[in-house]
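Two complexes follow with chain A in common, the first pairing it with chain B and the second with chain C.
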Partner chain A sequence: MRKRWLWLICSFLAIYLVNFLIPRLMPGDPFRYTSSVSGDDLDAGYSAEQVEQLRAYYRLDEPLAGQLLDSTARALRGDLGDSIYYKKPVAEVLAERLPWSLGLMAASLAVSLTAGTVFALWAARRRNADRVLYPVCSVLAEVPAFLLGVLLLFLVAARVRWIPLSGGVTPFARHADFGERLSDLLIHALMPLCTMVLAQLPQFFFTARACFLSELEKPYLLAARAKGLREGRIRFHYLLKNSAAALVARIFLSVSTAVGATLLVENVFAYPGIGRVLREAVAYRDFPMIQGVFLISSLLVLVCLFLADRINGDSAGGEG
Partner chain B sequence: MQPVLEVQNLSVEYPDGFALRPVSFSIAAGETLAVIGESGSGKTTLVRAVADLFSCRWARVSGKVLLEGENLVSVGEKRLRQLRMRRFSVVFQNAASMLNPALTLRAQLYEVLKKQLPRGEWPQRAERLLERVGLSAGDLDRFPRSLSGGMAQRFLIACAVALSPALVILDEPTSALDPGAGAGLTALLRELQQETGCAFLLITHDLAFARALSNRIVVLYRGQVEETGETRALLDAPRHPYTRGLIGASAELMPLRDLWGIRPAVEEAGRGCPFFGRCTQSAGPCREEPPALLPAPGDPGRLVRCHRGGIVTRLEGRGIGKQFGGQTVLHDVSLRVQSGETVALIGASGSGKTTLASILAGFLPPDAGKILFEGEPADFASLHRTEGGLQMVFQDSESALNPAFSAGQAVCEPGNLARLPDCEARAHAALREVGLPDGDDFWNRRVSHLSGGQMQRLCLARALTMTPRLLVADEPTSMLDPSSRANLLRLLKGLQNARGFSMLMVTHDLAAAAKVAERVFRLEAGGLVELRREELLALGLS
Partner chain C sequence: MKRYLAWGLALLIAASGCAAPASPEVSDTSEASPSGTQAENGRVPVLRLAGGTDWGAPGVYLHASRGPGNAKKDLIFASLLEADEKGVIGWMAESWEADGNNYTFTLHSDAKFHDGEPLTAEDVAFTIDYYRQFPPVNNPLGAGEGFLISGYEVIDPQRIKISVNNSDAVTLTALGGFEILPKHIWERVEDPMTYSEPDAFIGSGAYCFSSYDGATGSYEFTAFDGFCAGEPAADRIQFVPVSDELLAFENGEIDIAGLPADLFDRYASDPAIGMLEKANDMGYKLLINFEKHPEFLELAMRGGLYQALDRQAVVDKVFRGMGAVGSAGYAPPGSIYYNENCVRYPYEPEKAAALFAGKGISVAMIAANSGNDVKIAELVKNDLTAAGIEVEVAAYDSAVRDEMVNAGDYEFALVGNGGWGGKAPAYLRTIFSDLSKNRGGNPHSMGPIGYSSERITELAEAQQLETDFNRRVEIFQELQLEISREIPLVVIATQSSYSIYRKDYYDGWMKTYDYQQAEQNRLSYLKRS
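Moving on, here comes the complex of A and B:
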C-alpha cells in the first residue's frame, strides 16, 4: 500500500516537472510570437523594453531553476499564476472552463458504461448479437476520437438543422427558464457527447464482455441453471454483480482516455471546455495556462488510475 | 409402485464419441442408488444428462429420464425450470465454487424458496433449514467466501432439500471433505432422507461412503453399466472383474490390504467388451462382441455385463475329506478360488493346511469330494505339465529340488517336461522376477550349494516359468528375511494384478496374509472358517 502511495507521488512529481519544462523548451515566445494560427493576429509586436517588462511581470526572466521554485511555491498556495493570453489568473480560467469538460467526460463515461454493459450482456447470451457487436466495436476502438468527431460533424450535424455545429450554448441567448437553458445546453452537448461515447463504448463493451464470458464459465452458473432461475436473474445477480468491480475499475481507467478525447473533441465542436483553452494556450505559448491545464488533467488521470488499481487489487484479493 | 426416477436407455454422445452408452436404472422413493466408477467413467455426464444441465448443443442426449412419470429429456426448458428444486435438485461437488460470491446465503436460499413459498414464510423456513443441516441461522447473512468447504456443502444440501423434492442428485459429496467429515455427512443425509422420503442418486468414487449410504450400486465403466446389485452383496462379493478392481483399490474398504489399481490396458478395447484390455480373464468373444448386461447365475438381483458370466471360479473343491491313520484331518471342506484372487489358508500347525493345499493342487488324492478346475473335473496330470495350468510351490524347497541339478537346470525343468520352445529365456526372466541373479555364475551353481532363501525363490521361479493360472504356494516366504519377504509378496501380487492368475497361499503369517489376500480362511478341527473383514481388522489393529 505504501508503495502505491509512493508511486503516485513520484509520478505526480515527474509529470509536474515535465509540465514545467515542455512549454519553456518549445520554440517560440509568448510575447514575440503571439500567434501562428491566423495572420491577422500578428500585431506590430512589443518593443524590446515592453517585452522585458512583461517578462519581469510574468517572472519569465529568471533562470529555469528559480522559475521552478517560484511557481511551485505559488502553486502550493493555490496560485497557478496569470494567463498571458487571457489576462486573467489561470485558476479563474480553469474554474470557468473545467465544468464544461468535466460534465462532458462524466456524461460520456456514464452513457458508454451503461451502453457498453448492456450490449455486452446481450452479446454474452446471444451469439448472433455478438457476431455483429464484436467487430463493430473492434473497428470503433481503432478510430481516433477527433476523427469520429469530424465524421459526425459532417455526416450528422451539418445535415440536421436543429443540431448546432459548435459551441456550448447559444451565444447571447436569454433563456426564459431553467428548462429552456438545460435543453439548450443538452442540444449543444449532443454531438461532442455522441463522439465521446462512440470513442469510449468499445472499452466498456470489451471489458464487460470478457467479464461476462469468464463468469459464464464459472461453476456457480451451472448451479444457477440447476436452480431453474430466470434468465433476467442470472444476468443481473450472477453476471453483472460479479463483474461490478472490474467495470468500476474500468471507469477510472477510462478517465485517461476520456481526458485525451475531450481535449481533442472539444476543438472539433468548439466546445468551451479546457480542451479549447489548451489549444489557445499552446498557440500563444501561454506557459502558465498550459501548465495549469496539464496540472489539473494529469492530477485527475493519476488519481483515477490509482483508484482503479486499488479496486482491482481489492477485488482480486478478496476473492480467495 | 411407480419409481421416483426411471432412466431408460439414456445415452449421451459427444462429437468425439459416446460418453454414456444406453444406461437404464430406477430408484424408488426413500431409496439411495449409488453410481460408482473411476474418473472418466461417465459419472458426471450421467448427472448432467439426468438433471438436463448440458449447456452445449454438441451433447446429443437420447433415451428417457422419467421423473415421477414425466420425461425430463423432452419436457422443454420452461417446464424443467418449474421442476428444478421443486421435484429434483442437485448437490454439486466442490460446493464452495457453486455459490455465487456476490450474494449472501440468504439471497441464494431465497432464490429457491420463492419458487414455491409465499414471501412471508421465507425467513423462518431459511433459518430452520440452516439449523437442520448443522449451520446456524446467523450464517444466512454471510457471503460464500467466508465459508469452509464443508459448510458450503451443508448449505447446498439445505438448498437441495428446501422444497422437499422427490429426487436429490448428490455428485461426489465427499470429494472436498476432510476425512472425518464423511461420517457426519452420512448421518445427515440419512436423516434428511427419512424425514422427506426423497430418493438419492449418489455419484461417488468413495466406496465406503457408498456402502454406508446406498441400498443399491450401479458400477459404471466407460459410460456403460458393468454390474448392478444390492450394495452389501455387491461390495462383499463382486461379480465383475472391474468391480473387484475398484474394491481392491479402495483404501477405505480395504484398510489392511496393499492397494492395487486396475492394471492399465494392454490392448485398446475395440468393438468388444470395453474392459477387454484391462481384464485379466478376457477370452475369445470378449475382443469382438460387446457383452450384454445379464442376471448373474444364482443371483437374480445382480446384473453383470461379462461374456464369462463375471469373475471365473478357477478352482473349486467340494466336500473334501481326508483321513490319516483313522484320524480325520479334513472333513467336508469346500473352497473356491476365483480368477485373479489370492486366498490365504491359515491355521495352527497340524491343522491340515498343507494337506488341503496338496489335495487341491493334485499332489494328494482326497478320500472324499471332488475338485473342479474352471468348472471341469481337474485333470492334474495335464494341468501340471502345461503352460497356464496349475503349479505348486512346496514348503520344503530343499527336498523339492534335485540337488544334483544346476540352478539353471532346475528352473528349466518344468518347461522342458512340458516341451515349451523357449525354456531358457523364460527361466532367465523368472529368475530376474524373483530377485535372483541370472548370470552364468548362478545359472551353473549346484542347487545343493544354494541357501534356503535362494532355494525357495528358485522353486517359485520354476513355477512362474509355466505362467500358471493357479499357483498353490505352501509357506512361500518362510525362509526369507522381512525385506525379501516383502519384495516377494509384492512381486507375486503385482504379477497377479497384471496377469490375473489365482493364488492359494498357505501361511502361518497372518499379517502378511491380510496384506495380500482377498479372502482368508482358517482351518480348525478339519473345517474351514472364513475370517470376516471385521475380524481381520481387529487382528490387524491388535
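Moving on, here comes the complex of A and C:
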C-alpha cells in the first residue's frame, strides 16, 4: 500500500515538473504570437517596451528555476497564477469551466456503463444479439469522438429543430424556475452527451462481455442452473455481482479517454468546458493556463488510475 | 431502477450547469423577439452575432489582444476620433486642429460616461498619464521611452492640446485612437491588470456593458441613450455560442455569418441576403532568407521564382476562386493605395525550368500547419520542384513558425496573415525598410533577411513622414512599383472572404475607409444617415 502511495506522489511530482517545463520549453511566445486568420487579426502587436513590462508582470523574465519555485510556492497556497490570454486568475477560469466538463464526463460515463453492461448481458445470453452488437461496437470503438460529434451535429441536430446546435445553456435566458433551467441544460447537453456515450460505450461493452462470458463458463453457474435458479437471478445476482469490480475499475480507467474525448467534443458543439480553454491556451502559449489545465486533468486521471489499481488489486486479493 | 438512473443523469448534468458560475455582472437579460420588426425608437430589438469564444472581459486591460476582443471593448469605450467610409471623423471630439507637433481636440459638450458623469478634458489628460504608466492591451500610444505623447495642456473642460515630439502620417489616428477612461473610477485603481469590478466596464461608447460569461463565450451590450456621437441602432447586441456559423444563421440564431467559398453562388442569388466583402484581406507571401540562399540575391533568380509558381492555381484550388493573384508590389488589388502598374510576373514554367536547371538548388520551406498554409505550401513545392528546385516542406504550429521566422531560423518561409486589404499599407515600411523591418513579432514586420535596398528604404520611411494624403498615396504607389521590380519577397496570393446577413432585419453593416471587418466596426452598430 505504501508503495502505491509513493508511486502516486512520485508520478504527481514528475507530472507537475513536466507540466511546468513543457509550455516554457515549447517554441512560441505568448506576447509575440501574432499569426492570425482574417477576422481575428491582431490589431497591433505589443511594442518591445510593452513586452518587457508584461514579462515582468507575469514573472516570465525570471530564470526557469526561479519561476518554478515561485509557481510551486503559489500553487501550494492554491494560487495557480494569472492567465496571460484571459487576463484573470487561472483558478477562476478553471472554476468557471470545470463543472461543465466534469458533469459531461460523469454523465457520459454513467450512461455508457449502464448501456454497455445491459448490451453485454443481452449479448452474453443471445448469440444473435452478440452477432450484431459485437461488430457495431467494434466499428464505434474506432471512430474518433470528434467525428461522431460532427456527424451527429449535421445529421441529427441540424435536422431536428428542437435540438440546440451548440452551447451549454440558452444564452441570456431567464429561467422561471429550477425545472426550466434543468431542462434547458439537459437539452443542450443531449448531443455532446450522445457523442460521448457512443465513443465510450464500446469499451464498457467489451469489458462487461468478456467478464460475463468468462463467468458463464465457471462451474458454479452450472450448479446454480442445476439447482433451478431463475435466469434473471443468475444474470443479475451472479454475473453482474462477480463482474462488478472489473466494471468499476473500467470506469476509472476510462476517465483518461473521457478527458480526451470531452476536450474534442466541447470544441465541436461549442460546449463550455476546459476543452476550449486548453485549445486557446496552447494556441496562444498561455503558459500558466496550460499548466493549470494539465495539472487538473492529470491529477484527475492519476487519482482515477490509482483507484482502479486499488480495486483491481483488492479484487485479485479477494479472489486469491 | 431506470427511473433512478435517469434522475441521476439529470442531476449530474444539472449540477454541472447550475454550479457553473453565471457572469458576476449579469443584469437585465429579458429575452427579445428575434422578429424583423423594429421598435418605436427605430432600433432593432437585438443583433445576434457568432460568439462562443472567450475573448476576455471587454475592458481596456482585460480583453484578448485580437480583433474580436478589441471590437467588444470598442462598443463600450470611446476614443477622441473614429473613421468612416471616407476618412477620420470626430467621436468624443467634435473637432480637432493640427498645428505642427500640437493637436487640439474639442470635446462634445454633452459627452458623458455610462454612469452619467460628464466626460471632460481632465478625463483625457488622466487617461494619457494612466496609459503612460499602465499601457492597455490595444495601445496606439506606445510604451516606455517610445510613448508618443510628450505633453498636454488642458485648456478648458472641453479642450485639450496634446503635443508629440515628431508628428507623422499616423500621429493623428494614434492620438485619436486611445479609449478614454473615466478619471473618477480609475484614479483609485492601482493594478488595472486585475481590476474587474463592474465599474471597470463604464465607458462612454454607444453601448453599455450588460453581461459576459467567459465559459460560454457569451456577451451582451445594451444601447446607451446618452451617447453623444450618434444613435445606437440596436437595443441590444448579443454574442452567442455557435458550433457552425452557417447552420446557426440558417436556424435564425445569429444575424450575420461568414460564408464558405463553395456556397457563394447559393446566397449571392438570394435578394433577401446582403453580402459584405472583405476584399483580399488575407495574404500569403514567400520569404527568402538570403543569408542562407545568397544565390537569390541575383534578381533574375527571384524573378524565376515568380515564373515557376502557378499562383492562379492557389486562388482557384485553395481559395475556391475568392481572391486574387498577389501583386508583386505587395499591397493588394482593391486597396485605394494599390498600384496597378506594378511589374506583373506571369506563370512561365518552361522559362523557370531553364533558369534553375543544373543549379542544384535545394531549400527547406517552413509553413504553419493550420488554415490553408499546408495546401499552399504543397502547391508551391510542386511548382518549384517542377522548375528544378528541390523543396522540403516542414509544417509547424503557427506560434512555432512565427518564432522561427522572427529568429531568422528558416530558408524559405510561407507566411499567411490577415489585415492586407483596406488599411493604408504602412506595413510596407515594417516589412521592407532596412531601418524598420524585423523589429517586432507581427507578420507585417517579417521582412526579408540578408537583402537591402536604399531606394525601397527611402520610400518606405518617407511615406511615414508625409502628412499630405495624396502625396502619401503617390509615395506608396512608387514604393510598390520599386518592390515589384526588386522582388525582396514573393507575394503568392490574397484571399477575399464574405459575410452574409438578412437585409430585411438589419442593413447597417459598414466598412470604414481603412478597415474591412464590418462586424468589428462600432459604426456598424449605429444608425447611419
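One rule holds in what follows: the second predicted complex is superposed on the first by the 313 of 320 C-alpha atoms of A that agree within 3 Å, B and C clash if a C-alpha of one lies under 4 Å from a C-alpha of the other, contacts with A are read in each partner's own complex, and residues count from 1 in each chain.
Everything that follows uses one rule, which is that contacts are C-beta pairs under 8 Å (C-beta built on N, C-alpha and C of every residue); 3 or more make two chains touch, one makes a residue touch a chain.
Fair warning: this is a prediction, and the values are worked out from it, not measured in the lab.
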Review point. Chain A superposed: clash or fit between chain B and chain C?
Key: fit
Check your understanding: Thinking of the overlay built on chain A, is A:Arg4 touched by chain B (first), by chain C (second), by both, or by neither?
Key -> neither
Exercise for review: Pick one for A:Glu52: touches chain B only (first), chain C only (second), both, or neither.
Suggested key: second
Exercise for review: Considering only touches as defined above, state whether A:Val93 meets chain B (first), chain C (second), both or neither.
Suggested key: second
Review point. Does the superposition put A:Ala110 against chain B (first), chain C (second), both, or neither?
Key: second
Practice item. Identify the partner contact of A:Arg181: answer first if only chain B is touched, second if only chain C is, both if each is, neither if none is. Key: second
Exercise for review: Considering only the touch criterion stated at the top, classify A:Leu102 as touching first (chain B), second (chain C), both, or neither.
Suggested key: second
Point to revise | Touch count on chain A, higher of chain B and chain C | key: C
Practice item. In the overlay, answer first, second, both or neither for which of chain B and chain C A:Lys218 touches. Key: first
Exercise for review: Check the residue A:Lys227 against both partner chains and state whether it touches chain B (first), chain C (second), both, or neither.
Suggested key: first
**Study point:** Smallest separation in angstrom, by C-alpha atoms, between chain B and chain C in the superposition
**Key:** 21
Point to revise | Residue numbers on chain A that touch chain C, as the complex places them | key: 26-29, 31-50, 52-53, 57, 82, 85-88, 93, 95-97, 99-104, 106-107, 110-111, 114, 153-154, 158, 161, 165-169, 171-174, 178, 181-182, 185-186, 189, 193, 268-270, 272-273, 276-277, 280, 283-285
Review point. Which residues of chain C touch chain A in the complex?
Key: 5, 8-10, 12-21, 29-31, 51-54, 56-57, 61-68, 70, 135, 137-140, 142-146, 193-194, 196, 211, 213-218, 220, 238, 240-244, 247-248, 251, 253, 258, 278, 281-282, 368, 371, 396-404, 406, 416-419, 439-443, 445, 495, 497, 517, 520
Exercise for review: State the interface residues of chain A toward chain B in the complex, per the touch definition above.
Suggested key: 218-220, 222-230, 233, 237-238, 241-242, 244, 318-320
**Study point:** List of chain B residues in touch with chain A within their complex
**Key:** 51, 53, 55, 80-85, 89-90, 92, 94, 97-103, 107, 111-112, 115, 145, 156, 159
